[in-house]
């Protein structure tokens, strides 16, 4: 995608290129005339824009989070730059742009990661575990392709939920090879299910951006929703009672500490391991993200989510 | 029931009366002969007893927790008294004894308390709440009549679960009259459901004595089991989604503090009130029980379950 | 009170009506001329106002928290509206306004609530308890009529202290009916005395607005002040030593947790119950207040005083 | 005091000497005959003793904690040695023994330590502080001479309360010399008053052995009792209100942490310093006591009262 | 090793076989004669034994933790069995027994595990890290072959320290493959060094049994000793200052939480990962050990070291 | 130093006097011309200043934290006053100003305080302790003369580290006189060494102003650095192993609580005392500083570093 960066534009310059609509709101000016107030981004920075000649039939098709092609002139207004939109149209499949270029995204496509997860499901040998997991993954397939793992914390990426899951599966595979007492069936199932109900805990756009928590998310959370969901799926696929209870236990214990939402601490080895694989994947992500912004030999600012640590980047 | 108390017996005295079998175990003596080792209680104290002339056809019908009529002679053996059983038969309906006389029991019969609970259910105006609650109470009716509320703590009585529930309902009624913003439908439902899954969390004899926690009780606990159970019942009776979620929330928040098993803190007034009614009823029971053993003006020993407090009995 | 709301006023409009003076400060303008800077409120919103023609003899009688009748013209100044005061006089008894209309107040008058409290005092059967409680209530009678229960938290209303106390007394009455082991004499006394020394802990205007904590309030707090006050009153009325010690204990234990200022945890049932009645009344107030601002089916913002919970309003 | 140590006695030996009666209880033997079961100590070890020829007129004058002269024969009984008492009489003033030789005692007499404390009181320059402190010390003078500072922890010695107080006064004096911003009047007063109400918190024999906590001690504790006591004394001597409040504040803040009973943290420098002087004196005592039992280069067992530390004795 | 198990022996039976001396103490009987009191074990159970004909020249060569061949007769004494030793000699290299058969040991020999560790050291690419690690491993080589990782907790096995280390290295290798941002040099070094100073923290016999903590272990602990040891080794091999500081940081942060002895929380990804690998290996060991004692479908007792959890063994 | 205070200056006034350069940065104006933006202070307030006629040869010698003589004219610009610098030169030894007048400084010179510390070193009787301490003090002598004890908290003064140390030594001396079981050698050594490595933990200018923590300070902290430093110095001077270990232990235990960085709690009396002396000196400083800003009878604002206490200044 070859186009001028928004932050390179100067007053009076004309811009033409693809941008993502962060917000798109109809407003009424002091003179009573309608116009549209827009925030656009090209993934590097944001800029305010205005569509002064609002026409309902023409502009009502647009809304926030759409990818559009746009032409406009940059104007200086009150110490900052603003774009006066002259042309706007939706991006089309044939356009040389991808949504991943405009929002923080997992390094693989949802389809690829889903295929990885499903390959692990196939490796689950115990039928009822495999049926139960497949049942739930199939149920949420469409949203899984882009769902993030969080609103703001680790893996708050487009596709972050699958990315977190599929990376943890690799860790699970490695640990089963070292600690042969582990039953991979339960560990793989636990990894795949542990955050799955985040799909009902939060509302996400297709861009993987969480607008808010849902009512059920706030009142119950993905852990309890997850246990209920396993209970239902278990009944559906006719799973053994032990199978259902153990998977529910993995859900309700994977946060480990009561103050982080665990109702039980893990009571069998696969549940214990699930917790550590989850922590490792979250922390490797967080460290990576925080350290991306410092030079070798330097320290980050205090990271609130990491006990206020300042992280060091090795020279 | 007029019979000599066990603790009044002296060596060589003959006892005849009703006792509860606490334990009843076949053993083999040093000479290779079988005998039965029994612990009997008359609710005031326990005594060891032996059936030396074991006969399978005659004695295999007895087991722990049965109420029997027994005749025997008291013998002194190694600094303590023991009973040599001479006759034993099961208590019969026509015998002038009741199980409540031998085990700690709620002050009302299960039937009376259940009727009280059901009267409250009828007062729930919103149909789906009422249907859901009635569905679960009906499901557990038989066990509810004698189920205790705990293995060792508050309301570890025969019928303790219903006693705890029905007393809390009276508190709920009073609070709804004072705090008129409360919706009695949710509060009554929450009270009735909050501990109901203790029926699957623990195994209890019909005497209301808990032998142990169940597998599901240990791995999930009555809170999560309760939420799942509400989800299932809600589907069964076709309850509104909000209804189900709010009742589930009441379950998972009623312990209030994460370290006591709460997954959420209460997020609407009825859930908040449920917690306090639960605490009050538990604490009034605990104080009463602890103070029963001291004289006015005296202090109890340190009560481990009450932050090691020593309680005072007002003169 | 029929008058235009302050937030309905437009520039150049003339306002005439009753307002409360939130602040009233003499200032000196850049030209060296004195004027008065005022903040007025009609309970719905606030507006800044100026008295440009300051005259000491005329204006020195006014100060913050007075109710006045005022006439002025609205002027626009630097993006906001301001009132130029033309006439101002103190509200008089014959004016059709009440202070309760201008500040957050308990839903009953202080006189009515005090009568309720005194009715409960009469029901205390044990003489020395009744004398002691009456002694202290009489001592603080005047201030009790309008004193709030807090600077910012629960029951920070004009008359909030009596409102909190009288509502708790109704709860106490209900609980004594259910838990008959409770001695109502101690419970009623405890309820009435538990926060009474807030009268010396904070300074409040007659509007029930707390300006600050007092020296003694900061160095000792109402709990210790309360215990000392009971000691003195007990001596005064010749109370039995046990009576005094038990009431003192109720004071120093009613916050329950050391980190909230409790010196002992409650050691008899009436002290235990006092704590829960206090919590319930505070929490019902807090929930009510927070939920007043949201629509059914909606959530409040995070409530800092309630462990950062977001509360839900049932549809 | 030249007499054989109890632990040196062998079976059949005759003992004659002074011992302290730890316990002295009338019992009835299996044959129905009365005898007295005694525990005696010579400060080095304890031994059980029996008075078989119980005579009421002769033996009813004795009770626990008395110092007696005793003659008896050592007999072996069930793997241990026991003394058969042949003669017993109360120790008399002319006997060459002192109570301090038999119970753990402060290294100075109560009279000497009290004189030290009173010398410090005289150095308090502000009249009302000095009056108030003197008033309370005078009130408790008699018991102060032998009162311990605790039942089991630091300074659980005969005279331990005065020992703790007078040592802290020396620390206070030193600190006032280094930190000249400190007002010695308040610091000395705070030191003298801080634990004074332990006199009403516990019951102690004249041997400085605490039998139990009192009702008021359990329900209120010495901190709250102390604040009340200062309030009363302040009124008595007509102290300034600030003086009273500050001394009360020192009392209620000297334990520093809420979980150790502090109601406020110290809010002025003298209160802050009081806490540290108290901690230092307690800890120096505890370390000394624990280390007395180990060899240079060795470690003590885990000290439960010191966060389970094992202490090291420097070689 | 074909010999009768100690727990299979009956009174009067003659035993001949190899046993480990758990204790071996010279005592003096009531008659004044010397004998030796021994505890022997064959790894399945322990038995008390006596050598009644003590002869200094013959028996002074034996002491606890030696492997011996022994013949004796089983005698019944006071409700338990005891062995009267008739012959005893040290086990010789040619005897068909190994020390590993008598004490809990790692599943590989020390030599094999050390070779694994050294293979990882060779894979460290950065010279100064490799030199430093090799320097310390070489220094402790001899003791490493049998040193346990703890006195009582996880990996309290003969060779447990190397077993813990080498298993963690396999985990480190797997994690570096998944999280490619990790620098294996630091991670491998951190794993190898993290517990190395346990060699100076505790005293262990060659059987891998810890008798006690050392003075330095108690006063400093292996974490601080480890940091000092890295500082010294770093100087020795001329390591870069950053290298030394980062390895020291890994040591002082690997316990993660201050209350478990961490001085810093991990501040770079390799230090973070080290902590989780350590936790995983410890927990897999603990779960395995605890679950070894229960049947499928059963629960262990409460595990004190695992937050009192009862663990479940999957059916 | 007689010169007009910066805060007394009015627009258009000419200032001449000594100021400290807080910052001194070359900037480029909108017209492309270079100028210098300066912040100056006279210890009472700060003022922005500009050097418009920037000349490299003339101005490149200046930088932040230098003391200069300056002449300039005060100009009003955007609601605030600014100085246009006309002349600037470095302060010279002959100028009548001292750096202590411009930055918060200890009340004694570094030289005097160092002499005090060295006098205490001489009083250490045990050779290896004295050698070790002297070795480290000598090593850091130059920086000690001005080094602060903190970036923002207690003793963040020029010379604060020595001030804190030397005051604590006086406390140590007093405590050794009262608690004669203390070994002054260890206590004095512990006091002198306890914060010494703050010299490598933070970077300080010669003004005693900390710019930031160092890499080693962030990754290790002064406690671990201190232990390592003692290990090295101990080797250097040939100290006894016990000496080294005990001093290291004092370092790692002096923060007492794990959450404040203590690795061990103090395990011998001198280590215990060190902690309290440290706390006392820090707290006396903090109280003094906070109370400096209030009137007698008044309260400070909440002090975040002192558990949010509001401190009271006695009337």
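The chains carry the letters A, B, C, D, E and F, assigned in the order they are written, with residues numbered from 1 in each.
We take it that a residue touches a chain if its C-beta (ideal position, glycine included) is under 8 Å from a C-beta of that chain, and two chains touch if they have at least 3 such contacts.
Model, not experiment: these values are computed from the prediction.
Visitor: Which chains are shared contacts of chain A and chain D?
Guide: Where chain A and chain D share a partner, that partner set is B, C, E, F.
Visitor: Can you list every chain that touches chain B and also touches chain D?
Guide: Chains in contact with chain B as well as chain D: C, E.
Visitor: Between E-F and A-E, which chain pair is linked by more C-beta pairs in contact?
Guide: A-E is joined by more C-beta pairs in contact.
Visitor: Counting a repeat as over half of the contact pairs in common, which of A-E, C-D or B-D repeats D-F?
Guide: Interface equivalent to D-F, from the options A-E, C-D or B-D: A-E.
Visitor: Centroid of chain B to centroid of chain C, CA atoms only: how many Å?
Guide: The computed centroid separation for chain B versus chain C comes out at 45 Å.
Visitor: Nearest whole angstrom, what separates the Cα centre of chain C from the Cα centre of chain F?
Guide: Once rounded, the distance between the two centres reads 47 Å.
Visitor: By the touch rule stated above, which residues of chain B touch at least two different other chains?
Guide: Residues 215, 218-219, 242, 246, 267, 297, 299, 310, 312 of chain B touch two or more partner chains.
Visitor: For this structure, enumerate the chain pairs that meet the touch criterion.
Guide: Going through each pair of chains, those in contact are A-B, A-C, A-E, A-F, B-C, B-D, B-E, C-D, C-F, D-E, D-F, E-F.
Visitor: Okay, in this complex, where on chain C does chain A touch?
Guide: Those residues of chain C that touch chain A are 297, 299, 310, 312.
Visitor: Would you mind writing out the residues of chain E in touch with chain D in their complex?
Guide: 215, 218-219
Visitor: Would you pull the chain C residues touching chain B in the complex into a rising list?
Guide: Chain C residues touching chain B: 167, 170-171, 174-175, 177-179, 181-183, 186, 242, 246, 265-269, 272-273, 276, 279-280, 283-284, 287-288, 291, 297, 299, 306-307, 309-315.
Visitor: Going by the contact rule set out above, which residues of chain A touch chain B in the complex?
Guide: 215-216, 218-221, 223-224, 227-228, 231-232, 242, 245-246, 248-249, 252, 258-259, 261, 263-264, 267
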